[in-house]
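Next, two complexes with chain A in common: one pairs it with chain B, the other with chain C.
On to the complex of A and B.
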């Protein structure tokens, strides 16, 4: 197993498009690291540069401390799983799994033995003689993983490996992938545009935008304490509430309402400063009675999300959304108070988009991600939250 | 079709040709909005043309092949049927056997090895080159293919002449078409025909998902291993189709006549040229027709072999 680092990596495509711009990143040994971002943000280019499939314009790629910037893909000790799985259609499942060993001239009997051992551990033993086309999407994906495992790579690179699966299968594959990675403890870099995958799988994640990393951290940290408005807006299943506000002696004036200044940020907020207040709909509760720090408004929209309703309130010059339990039975036109959880209210500088922090948050706690992964099962998020909150 | 009928209603259902019931029957029924007579009217001109220019000559050739018809002399006016005499004469005639051998050498070296292998190599190598270099080279190669054969033949005569371009460059004073006639023809045909194979293979290679090759590269596969494990298996069908086409084209090629007229001393007497010489220069129409029929049979055999191979693949 090996750690992966990129230093000042820049990739400029013909025509001057900068896919990566002076990018630095360190992925620790054994870590499950997710690269998340909208399409075109450079996450796949970064992954392919680590793999050696793209030649960076400048900068370095280090795997296990070794500079591999000029090393061809085959010499980097990595395996990659593609979105389309890239199973060779004319080969049997066994031959596909054993392919990296064939390239290394391992005798046929030996490599097929290795393939069937890996296949058995992934529940593929009865499909060894089949062609990839005869398998389901989920099985094909497991064959691609099996091939990565037989290659004995020190680093796995996964490029949106779940996006070709249907929703049901994707959940199963996600659990499978997480357990497999924990078992193998192999450094894994996982590219996705689906934040729920990143949140569920990763020990740490990076959110990318236009060739730069906007935030790196454990998923819960990124979700609860986004560093900037881009990350705040990108993360979350429902769009975060962004409210224009003005600092007024000890309070924030939002439209006609006042809310308390979140603890820890007072130092950065001088009176009269314009700020953007952000709070996720899931951190806003609704109340029938007047509440201090609440926004009074009438319900103008109710969207059903399954377990929850997303309720939009308008009043006092403010539009705010709250996620509430469907049992609350909110009706259009109801008068309610939206109460943000003061612990979860974030304040941003609207001109730079950066979050305004107090002294406490100035140095975000560094969490040993590997240690997290060890004791976190599928409940990684809860543990990460505990570790990161200090 | 019956279920379609219940869905679409009687009229539409009847207009759709159905596999089990054959074409719509009876007078006045329409086929895709055309009456039977209109459909027949549209088809007649092409059927007549095919009949006059393809079917009739083919049958006539078969018939001529069993006669002793000649262009001049007594048998020109009074030909009679001689059965298989032309065929037995052909298979024991050293000139025919020589022509067959020359044709096989010509096909194998210029089409199978030359055009196919070179075209594949070019298509494979050009992938890595800069797009403008590739486009320029592809353009050049295609020019060789689209220039009419007669023009190309005269270009090559000028090129290979003892006082021609090659001599001016190399200054060796060799009469290539006299001393190396078949070799010259092979080079000529490779030059002329490689573009087709190259384009076909380049298109075939484009259909191979890049992730296949990248997977191989990540496993550490060399260029040769990528070719063996991914490109060749993925383009097998295209290779067979290409071989089928260029084998038949080269087997029936008449362009060598423009360069060497079959000479010197029958060294470039490919079957197409041999038939022409026998039928129109010697005047042995019956014999020429018999050789044509043999060529047709060989063509059919080649096609059957390739199509079998293609079918086995799928």
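On to the complex of A and C.
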């Protein structure tokens, strides 16, 4: 097993498109790391650069502390699982699984034995004689994983491995993948555009946008405390509420409403400052009676999400969405108070898009060195502003 | 109204009906029969036009005195005995086989390597080059370049050698071979090779393990096509080969005359049958193994 690091990696394609821009990343040994972002954000280019399938314009790739920037893919000790699995259609499952060993000139009997051992551990033993085309998508995916395992790679690179599976199979494959990774404890970098996959699988994750990493951290941290408006907007199954607000003495004025300043951010908020308040619909509750720190409004839209309802409230110059239990039976036109959970209210600087935090913003555990540096930097700004305010 | 001999009834608005409603039934029916008969007669004539030479090819070798008619009045195998006793007949078939196989090996091998490189490396002007090559290839082994070709092969001291013929024929076939195989290779997902590369495969290994097997139908098509082309080529071996011991069947067949200077139909017909059979056999074999259907992409 090995750790993976990327230093100031830049990849510029012909035509001047910068897929990666001075990117730094450190993935720890044995970690399940997810790269998340919208399409075209450079996550796949980053993965392919780590694999050696793309040659970076500048910067370094280190695997297990060794600089492999100029090493061909085969010499990096990695295995890659592609979106289409890339199983060779003319070979049997057994030959496919044994293929990495064939490249290394392992004798046939020996490599087929290794293949059948791996296949048995993944529940593929009865399919060894079949061709990939005769298997279901989920089985093909397991064959691709089995092939990666036989290669005895120190790092697994997975490029959207679940996106070709249908919804139900994807859930099964997800559980399978997570357990397999825990069992093998192999460093795994996983590219996906599906945040639920990243949240479910990853020990840590990075959210990317246009060639740069916007936040690195454990999934819960990224979900609950996004560093910036991009991450805040990208994460979450339902779009986050973004509300224009102005700082008044001790409170935030949102439209005609006032809410308390979230604890820990007071230092960064001088009176009169324009800010963006963000709160996820799942952190907003509805109340029949007037509430302090609540938004009064009438229900203009109810969307059924299955287990929840997404309710849109309008009133006092504010539109806010709340996710409520389906049993609440909210009706169109009802007058309600939307109450954001004060613990979960986030405040952003609308001009930079960065989250405003106070001095006591707790550093999330297990964060890569550069992310810590970034935190400290923002903290320092907060302190400076706080000092000026005091 | 009829569409290819099938009468089409029009009912309802009556606008399309040509015949007046009063005498509709019988003439309509009669016309359909007439039209259909004409089609059948035409069909038979066309079929006969193509079938009769084939029939002649199959019957004449077994006929004691073949003429230009089809029939089996005096069944015999003596024609075959004569062919086998002819000093050059069998060896010319062998020569054809050698020339075809050598050319096929060069064409398949070289066009596979070239097509792979051209498919994977984006050279500037690649497509234009391929089209120009394809256009010129018909000139290379054609009549127009006969004299320069002869001079070139002469200067290379390859006149009257198999190598000279094989090189010229292969050069003429390669552009089309590359063109077709490149198309096959373009349709292989890149991830196949990339996954092999990640596991440490060299380019040659990828060609052998990944690309080759995926384009096997394409290789078969190119191979058969090269063999058939060389097998039937008269001009190039006729110009470049001098000694009778080297000439292939396509050239040899022109030497079958009777002592009176007339075409020896007994020898020609029997030899023609022997000359045709290998091509038919190859076609059937490949057809059974791959089928000549169009491969528009390879599914994993």
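Note that in this section the second predicted complex is superposed on the first by the 361 of 390 C-alpha atoms of A that agree within 3 Å, B and C clash if a C-alpha of one lies under 4 Å from a C-alpha of the other, contacts with A are read in each partner's own complex, and residues count from 1 in each chain.
Heads up, the rule we're going with is that a contact is a pair of C-beta atoms (placed from the backbone, for glycine too) under 8 Å apart; a residue touches a chain by one contact, two chains touch by 3 or more.
What you see is a predicted model, and the numbers here were worked out from it, not measured in a lab.
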Which term applies to chain B and chain C once both are placed on chain A by superposition, clash or fit? clash
Should A:100 be classified as contacting the first partner (chain B), the second (chain C), both, or neither? both
Examine A:73 and indicate which partner it touches, taking first as chain B and second as chain C; both and neither are also allowed. both
Comparing chain B against chain C, which has contacts with more of the residues in chain A? C
Name the contact category of A:133: first (chain B only), second (chain C only), both, or neither. second
Going by the overlay, flag which of 3-11, 75-83 or 165-173 in chain B ends up clashing with chain C. 75-83
So chain A touches chain B in one structure and chain C in the other; where do those two contact lists coincide? 51-53, 72-75, 78-80, 82-84, 86, 88-90, 99-100, 102-104, 147, 151
Write out the stretch or stretches of chain A touching chain C in their complex. 51-53, 72-75, 78-80, 82-91, 99-100, 102-104, 132-133, 140, 147, 151, 157
Hey, which residues of chain B end up touching chain A in the complex? 209, 211-212, 214-221, 225, 229-230, 233-234
In their shared complex, chain B is touched by residues of chain A numbered 51-53, 72-75, 78-80, 82-84, 86, 88-90, 99-100, 102-104, 147, 151
Along chain C, where are the residues that touch chain A in the complex? 189, 191-192, 194-201, 205, 209-210, 213-214, 216, 298-300
